[in-house]
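Look at the two complexes coming up: chain A is in both, with chain B in one and chain C in the other.
Take a look at the complex of A and B:
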């Protein structure tokens, strides 16, 4: 299947050619509006309104039971500066930043490595690609369950394999310093989408450039540094931006990994070492009924994501110039 | 020459592939083991008896999680939700994308730009008020509450519109001159020409909703309505000492998607390469 990319953002209507008969023009307006009506209704009810409502709630003390009272910026200032009222806010920020700093490079590095290897071979590349992609389509709930069992301190396969290399047993998910590396490893295990995108980028490098470099006597390392890395720069940038945005919002997996003890009880892991930002937000909204604070947290995150993304764009522009 | 040079490449690939696949093999092995055979000093990737080392698989774990564990019901709930949601979403998205791509009407491009701007807002920001809207509509803790708040996707509308824009216009214009209506053109010309992209959107949307944990988690209370990921998460926390049950549950969630992936792998990978789609 070839999916052509259309680069025609606006196709200006050409009434002269499209007019089949009189009345077509106005009937088109009606048909057009009718066809987008369900999507627009969805957009207004489940996207636009919630976004505006979240902004409003973030300035209130809404707790689901009583009517929301306007409290101005109190949620924002308390979250950021009142450590007594929100003792784990900055902890969740630290956890999330650390996770992002480890998981994103690890994921992208693994993906690039897999893509380079797959690109180098012909025979069997389809099978390898399929098997490397399996973790991507696996439900978060299953990923969390499987890895809790893999990381099991007594019977888990991870410790057995590391034991073969002489590394002593670790209680991965119960040791504060190991929680984030353990989660980042799962993220890298699920790098298949980045791998596919890198592979598409590699296929896009013209063979003539590679052949010319070989004729000029460039070795594999030189070819990688001088051709592959620069040619993949747009891909890398895209994966970096989307990867950081996704990592800052990591939630489902952490929720599954650190829920336990029956029912819906959730903790942030040992000494809150796995309390990611969005897990913290979730707990505010759905455990403590602090909707105002939860909405304020979501807008702090939104602003932070926008700042980080803008910085990434600026960094790339500087490097390019 | 190249065969010898490629040997290390294959060796590294095999190691990386093992890292990717062994967790699934271990999941399957554990799910077919008798309880006592699971907790052994030297773990085995096959369901072997702990004393004799003989082949001794069992289906007891599956029987338990499907029955008492509630995963059978949850499996059917997930099937049911996907059967309603995925086609409904495809229809809503494709109709809107067709109008945005082809039918001239006032305000069209401005509305489309508004949709794209809406795509920037992280879902987590929308989660709390979306629950509130769902409650106000009387759909909280119901099947409709699972379906309606997910029934359109701006990203899918965008992808479909891009594809529709790339189709040749001549057929449509000829049909218009022959007096065909817009809907006739959509069903007779656009849909048949767009089968590949419609397939990609359908498959990725099935995988996404089959796997989705967060929305069912916040919108459902009634265990009878639980979807498979939610029921699995509950099982994993209530039976946390019994890995064989949890792995049987995980296998129920994972295997159908793996089958879909194997059947449609080329479509899925090309779709991702095309769109950079996040699942």
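Take a look at the complex of A and C:
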């Protein structure tokens, strides 16, 4: 598929002489394959082969140590229907859906606001861009430590700020109903990449349209609704699709927030309120010795993500207008 | 995600492979013994391990011991991938609850008869290596949790549950901003500590021999009810804060010896000490620590057992245990060196005599995390009574294990 890319530099200088020389043609092909070989090797060894192996293992009872035994669809049916064997499978599905429903709009909204503000200022936007992007490049363990402090029920800054507004103190990370909103808020704080993409989208809106709208007497709200939102539609759609996929796979954030050190095992927060799908999968793969079931979980997730993404492509408007 | 998990697995396998190939400088030695262990906790611990290794090599000419150290959090994952790819060490450290799994699927070897004198070891620690009555490993060290108490708030540590409840209530009554005790949570960690309380009321978690789940019986229900009662004078909004005991916001907490050094280091002003866990009918405790096993696919089993025997020899066991952050698993070593552990550690050492091993079933970690921990949490949060929560949990455990009792 990448062959034409490799061909182009060799055939451009003397296009006329290429025809009728099959040996040369074959050699070009060979060079092309050689050039993409490293990428292909990476793709096959680290992506394609493991994915196919995982598909095979999802039909076995593999525990990483002993030879896998073929169990057919048992992993899949047990996961979906056997509540005794996998008591928290559906809980992890619920947690993940709730997280996605809250985190994705919150992240996109925050990113759009930040991008609009950055786009509006003339000086110092570089500094703000850097500051707003920093949470993305901060090590996940540090993010976990910082936010455990911010959400601390006794000393946490979050409670202090809410206290100013008269909202009573909350025990954020230890109250089942508050865990997911608290995690989604952290995700929104880490919206830097979406912010940059929105900013690029905003820069892509021709100034002439905006000027014409001003001349026609459109106020800021009208300009936002009638120009910015429609013109950003492809950007928004891209961020929605990628954001939903990422949110359905959330793992690192939950892991660092609830691991907390001190030999504590990660079982997903109070009453499994933070047990996301991939954390559940990880526990079965590496803690409960059920790699086969974990592989099955990853394929259930794959199918689910494909369905959701297909629905998004059908139901959400993608073109700018 | 599939990609991520599988490629992580592949990458880990590769790393494990690299780790196993690294450093072949002992080419002169006729036999190389590969031993896997957790990464050193301190530089001093590394020196102790090095000294022990040199001692073994000096006593066994022509033998080189290659020690591979892996961070504790990654250890089980790496060991799993190494076993999957066949690059197996001769021997290695193994978490207590994994012994049953590895023994039953043939990954590790049974201890050959006559290798060690079983009476030389603490009963609890040795039992963590026993599966279906057979011995599969040797305890390197062992540890347990005790009652940390703030000497200013708790002048005399409680010995019994009644005293514990009284002291807890008094602390909170005197100052509502201070919690009586940090009540453990219904998570994997709380699930590990809870059996110490069940045993303190004369109960057991399960009887593997009789295939009976016992944590819905009165002693277990009473132990859980104790936690529920303690919570009344120990609000979560205080104890969920960062380091509540260390910051003087809680009168007591339940933790292990690793916290003694941490607190002394970070909170030098805190006046605290450690007492054995309060009990109802008999002193008891939970157990943790590191076992050492010999892998079936390893090349030098005889030498491996010799090495493990050397590490658990009373002459070396105290140094090793201190390096690992636990206590000697051999009685002779512990009694000889008791004084060197200092007064703060005496309570743990005392309690280890009555520490109880986890039930040796391969699914125990999952039962602990997925069934017992949520049951504890639902009782603590008031969603169910202790009896309801445990009856439900015990039934689920029976279904999972296929037991009828």
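Methods note: the second predicted complex is superposed on the first by the 274 of 321 C-alpha atoms of A that agree within 3 Å, B and C clash if a C-alpha of one lies under 4 Å from a C-alpha of the other, contacts with A are read in each partner's own complex, and residues count from 1 in each chain.
By our rule, a residue touches a chain if its C-beta (ideal position, glycine included) is under 8 Å from a C-beta of that chain, and two chains touch if they have at least 3 such contacts.
Since the model is a prediction, treat every value here as computed from it, not as a measurement.
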TODO: Determine, under the contact definition given at the top, whether A:310 touches first (chain B), second (chain C), both, or neither.
DONE: neither
Task: Most chain A residues touched (candidates chain B, chain C) - done: B
TODO: Please work out whether A:281 is in contact with chain B alone, chain C alone, both, or neither, and reply first, second, both or neither.
DONE: both
- [ ] Check the residue A:295 against both partner chains and state whether it touches chain B (first), chain C (second), both, or neither.
- [x] both
Open item on the list: On the A-aligned overlay, A:229 touches which partner chain: chain B = first, chain C = second, or both, or neither?
Closed with: neither
Open item on the list: Is A:212 touching anything from chain B or chain C once the two structures are fitted on A? First, second, both or neither.
Closed with: neither
- [ ] Check the residue A:167 against both partner chains and state whether it touches chain B (first), chain C (second), both, or neither.
- [x] neither
- [ ] Give one of first, second, both or neither to describe whether A:155 is in contact with chain B, with chain C, with both, or with none.
- [x] both
Open item on the list: If we overlay the two complexes on their shared chain A, which of chain B and chain C does A:85 touch? Say first, second, both or neither.
Closed with: second
- [ ] Give one of first, second, both or neither to describe whether A:54 is in contact with chain B, with chain C, with both, or with none.
- [x] both
Task: Where chain A meets both chain C and chain B, residue numbers - done: 45-47, 50-51, 53-54, 148-149, 152, 154-155, 249, 262-265, 278, 281, 285-286, 294-295, 298-299, 301-302
Task: Interfacial residue positions of chain C with respect to chain A in the complex - done: 1-7, 9-11, 76-77, 80-81, 83-84, 101-102, 105-107, 185-189, 192, 236-238, 240-242, 244, 249, 256, 258, 362-363, 365-366, 369-371, 373-374, 377-378, 381, 396, 399-400
Task: Complex contact set, residues of chain A against chain B - done: 1-6, 8, 10-11, 13, 15, 17-18, 20-21, 24, 28-29, 31-33, 35-36, 38-40, 42-43, 45-51, 53-54, 57, 110, 113-114, 117-118, 120-121, 124, 126, 128-142, 144-150, 152, 154-155, 157, 160, 189, 193, 196-197, 199-200, 238, 242, 245-246, 249, 251-252, 255-256, 259-265, 278, 281, 285-286, 291, 294-295, 298-299, 301-302, 305
Open item on the list: Quick check on the complex: what are the chain B residues that touch chain A?
Closed with: 6, 9-10, 12-13, 16-17, 19-24, 26-27, 30, 38-40, 42-43, 92-93, 95-96, 98-106, 108-109, 111, 114-115, 118, 121-122, 124-130, 132-133, 149, 151-152, 154, 157, 162-163, 165-166, 173, 176-179, 181-183, 196-197, 199-200, 207, 210-211, 213-214, 217-218, 228-230, 232-234, 236-238, 240, 243, 246-247, 249-250, 253-254, 257-258, 260-262, 265-267, 269-274, 276-279
Task: chain C-facing residues of chain A, complex - done: 45-47, 50-51, 53-54, 63-66, 84-85, 87-88, 148-149, 152-155, 169, 171, 173-174, 249, 262-267, 270-272, 278, 281-283, 285-289, 294-295, 298-299, 301-302
